[in-house]
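Note that the chains are named A, B, C and D in the order they appear, and that numbering of residues resets to 1 at the start of each chain.
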Amino acid sequence: MLARRSSPSHHTTVAIAGVPVGEQPLVLIAGPCAAESEAQLCAVAESLASLGVRLLRAGVYKPRTSPYSFQGLQDEGLELLGSVKRAYGLGVVSEVMSVAQLESAYEVFDCFQVGSRNMQNFELLKALGQARKPVLLKRGLAATIEEFLGAAEYILAGGNAQVILCERGIRSFDPATRNVLDLGAVALLKRLTHLPVIVDPSHATGRRDLVLPAARAAVAVGADGLIVECHPAPEQSVSDAAQALSLDDLAQLVAETAAVAQAVGRRLPYPMERAA
Amino acid sequence: MLARRSSPSHHTTVAIAGVPVGEQPLVLIAGPCAAESEAQLCAVAESLASLGVRLLRAGVYKPRTSPYSFQGLQDEGLELLGSVKRAYGLGVVSEVMSVAQLESAYEVFDCFQVGSRNMQNFELLKALGQARKPVLLKRGLAATIEEFLGAAEYILAGGNAQVILCERGIRSFDPATRNVLDLGAVALLKRLTHLPVIVDPSHATGRRDLVLPAARAAVAVGADGLIVECHPAPEQSVSDAAQALSLDDLAQLVAETAAVAQAVGRRLPYPMERAA
Amino acid sequence: MLARRSSPSHHTTVAIAGVPVGEQPLVLIAGPCAAESEAQLCAVAESLASLGVRLLRAGVYKPRTSPYSFQGLQDEGLELLGSVKRAYGLGVVSEVMSVAQLESAYEVFDCFQVGSRNMQNFELLKALGQARKPVLLKRGLAATIEEFLGAAEYILAGGNAQVILCERGIRSFDPATRNVLDLGAVALLKRLTHLPVIVDPSHATGRRDLVLPAARAAVAVGADGLIVECHPAPEQSVSDAAQALSLDDLAQLVAETAAVAQAVGRRLPYPMERAA
Amino acid sequence: MLARRSSPSHHTTVAIAGVPVGEQPLVLIAGPCAAESEAQLCAVAESLASLGVRLLRAGVYKPRTSPYSFQGLQDEGLELLGSVKRAYGLGVVSEVMSVAQLESAYEVFDCFQVGSRNMQNFELLKALGQARKPVLLKRGLAATIEEFLGAAEYILAGGNAQVILCERGIRSFDPATRNVLDLGAVALLKRLTHLPVIVDPSHATGRRDLVLPAARAAVAVGADGLIVECHPAPEQSVSDAAQALSLDDLAQLVAETAAVAQAVGRRLPYPMERAA
């Protein structure tokens, strides 16, 4: 298995638009669930810049339970993301759900995200194995660690070594939180694989007030970074409104996780005076 | 929602190669996990013919946890299936995992199966919405009923009304069986939707000795049919050996489910004297 | 393990108030979630008598999530149950949650039920191992088959061989049904143990309209009987109102399961002309 | 609900043998799964003393899946624990499974632990509501937050306000770890209730190499303390050998969690020079 760690010192660094993932500094990827408008993306981009965050997440292709729900801005969103990316010098992490989208988005996305629902979409994984860009692979809703690493292996076996794993919560019996954040899995993955492992505390909890504590815990357990949802006006978010942070919350998250990072021998590469 | 039942008498019939699914007679789809060889497929096809079973399942594109496991015979398998289908006059139900496979297999498959891992592969579902062939949609490993019906809706909304739902077991905490057969979900689906609902007792239990009782229960709960794995030499099966029925077991399944079918006002359209 | 089956023909019969459980005829245990009043119990008892059902379930000690919810009629309920039992010649199956209750209820209960929440209340199981009465042991909400049989073993090891196992649904991620009825587990238990195995379709589904199909499926899979909730006025039930059958529904259940029983070589020992 | 927090500043402190739980300093409770011998307990007690840990966990009544597994030293264990407790001036936290054990252990135990399997053993909870000692209530294997708080309410409603909640992992589909540590639940509980909430990283992960990262994460998420398993010779532990820390590991845990505690504005009240 190419994904397996050969020794405790075996670590792989994946660079997204020049930002290293898997090294001593933690990575922070932030942005709205979906790209909605130029104004929204610019407001987020400015906040990210002020916090020193260099990677933007924003969906243009949205996987939705119902075909009648908002499916993302698609082509229009691609254009928006492209212009905001150039204007602010951000790297873009965004989901693709098919080989066709992978091709359309090739110029705009700096890292292709594979969502939970597609973790075992093997044809997509094989196509990403041929891509020359990083892949952020999210764990499936009920995927075992063995299945998660098997999915990564499809990409690695195809010749693409730039794979980042992302724990984003698993299904459980309790409706109190959207999912169950499985940080034991993160600790285990760090022992089994040399690939970077990050955490999505937004989807894992589904509640704004739980995202910060979950983010702190993810850093403490040994994750290599975070991907979080934020929005200039969370309550107006077109999707996932309940879990999006405000931009002030995001600054708070940077401050709190930076302190924990230091306690575990890591750091956030962000100007703390801004966050404080 | 197009998938919702408008009244208790609202039922949709989907025909696969002329075999109706969703009417009073139950449907039985049987065959090996994977097409392996001409000899294997012919042995199965002859057994099916002798039992009066007219629909063959056999995978040529196999979704596997590891990229290094057998991935199906692919193009070679398509050819084999095509010739066996013509020779024995069977309808073929088989899995597609991508739009490209859908196109390659269009002439050979009479019904496209969407596997559990792809239940929310929305790009595939949209492509199937444009297809003019029946779709067998399997429930995801941890999909809620709402998500299952939402996935069906993607196909229906695209203009393809020929959708069959398939319960195949869900993930649980107990390693004693491969999955947990959720027959309450089948009873519920029969109340919520007009679409045919069938059951896969092979994947749901993962153990040969539990397939027959599970099949009887599925018929008793009100399922419109069964899809089961069988193999001329189960212990030599390339994949899923533990759950494949022998061809004698399959005859026994026909006999036992026929008796239960009668008890619930349904029937198996098969020559019972052969099965007895 | 005393619970393990030594051969395929190894079956144990447990008699509750003279009614055999685990023989060719299926057993049906029915009644309200909780004993509420003399009028309620008499109405149920008369219905049971008219259907030929000889075993009454009715809780007097109720395990409730909140201490402020109705906890059962306790001593008053015991007296009521005792007088109804004598008046109608019924056997009584009812839950005990502690050794003290076991002692108080000894004269009135013909079978002690251990509820899901107490499946691993080992001190209670040990006390029941000393009792000279049958025990109906319900599977825990998230108990593996190994744990379920281990719990039974506590009773058997204490010297009480009269144990009946009861599958009543397990916890899952889907809020659509109260629990997930695990009939694969029933089929598996029938292979692993010589003890009788019955099914509770009421708690397993939590919805009145799903109880009948679930009951049919349970009989088809090979269960030795059913325990179901019914009430003279289901919508007025003090607890579990959503899942209680009316007394007419119960007659319908007897008719439908009798037909399935016959299909699997069993029978319901009830006067079918009444049920029809 | 007495368990509900009335305002963000509403916190309850519970003192075990004079050690406060729920205040700014975190609590650490450590010791073997089971009391095995005087030598074992003394070795642990000396290590705890050298680390400044003042609360010892050690089971004398062990809930085991099989009646044939070691059930704890029972009365002999009580005596051992009593003498070690006096000799080293430690507070003792230990499990009771019945009202009878509660009475036997009253003089020796400083805090009664209710295990996962007994979280809804309501008769035990009611008896603990009458006790004048702290109760450590562990979350059930598949208990929702609502059920967990409901169980606490049984104790509170009985008049005992000294309740500590403990998250110890929930059941999931993945065999890779023993349970899934649900830290989102800890963050949520800290918002819903004024009671102290601690975490058991040993049972939550079941693997020695994951206990330290899980402990760090628990502190980062906002837990009020930890209960961990340690043993002078972990591989010789009579039960739960795979998850017990060595006494050196325990010192490492104190050092690592102390650093994280500081990052979140808490502290471990232990002599760090010893731990370093």
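Keep in mind that, in the parts below, a residue touches a chain if its C-beta (ideal position, glycine included) is under 8 Å from a C-beta of that chain, and two chains touch if they have at least 3 such contacts.
None of these values were measured; they are calculated from a predicted model.
Distance from the centre of chain C peaks at A, each centre being the average of the chain's Cα atoms. When the interfaces B-D and A-D are ranked by how many C-beta pairs touch across them, A-D comes first. Between chain A and chain D the centroid-to-centroid distance comes to 34 Å (mean Cα coordinates, whole Å).
Chain D has its Cα centroid 49 Å from the Cα centroid of chain B. Looking at chain B, one finds that residues 142, 146, 171-173, 175 touch two or more other chains. Residue ranges of chain C in contact with chain A, taken from their complex: 142, 171-173, 175. Residues 142, 144-146, 169-170, 172-177, 179-188, 190-191, 204-205, 207, 209-210, 213-214, 216-222, 256, 259-260, 262-264 of chain C are the ones that touch chain B when the two sit in their complex.
The touching residues of chain B, counted against chain A in their complex, run 63-68, 97-101, 117-124, 140-142, 146-147, 150, 153-154, 157, 171.
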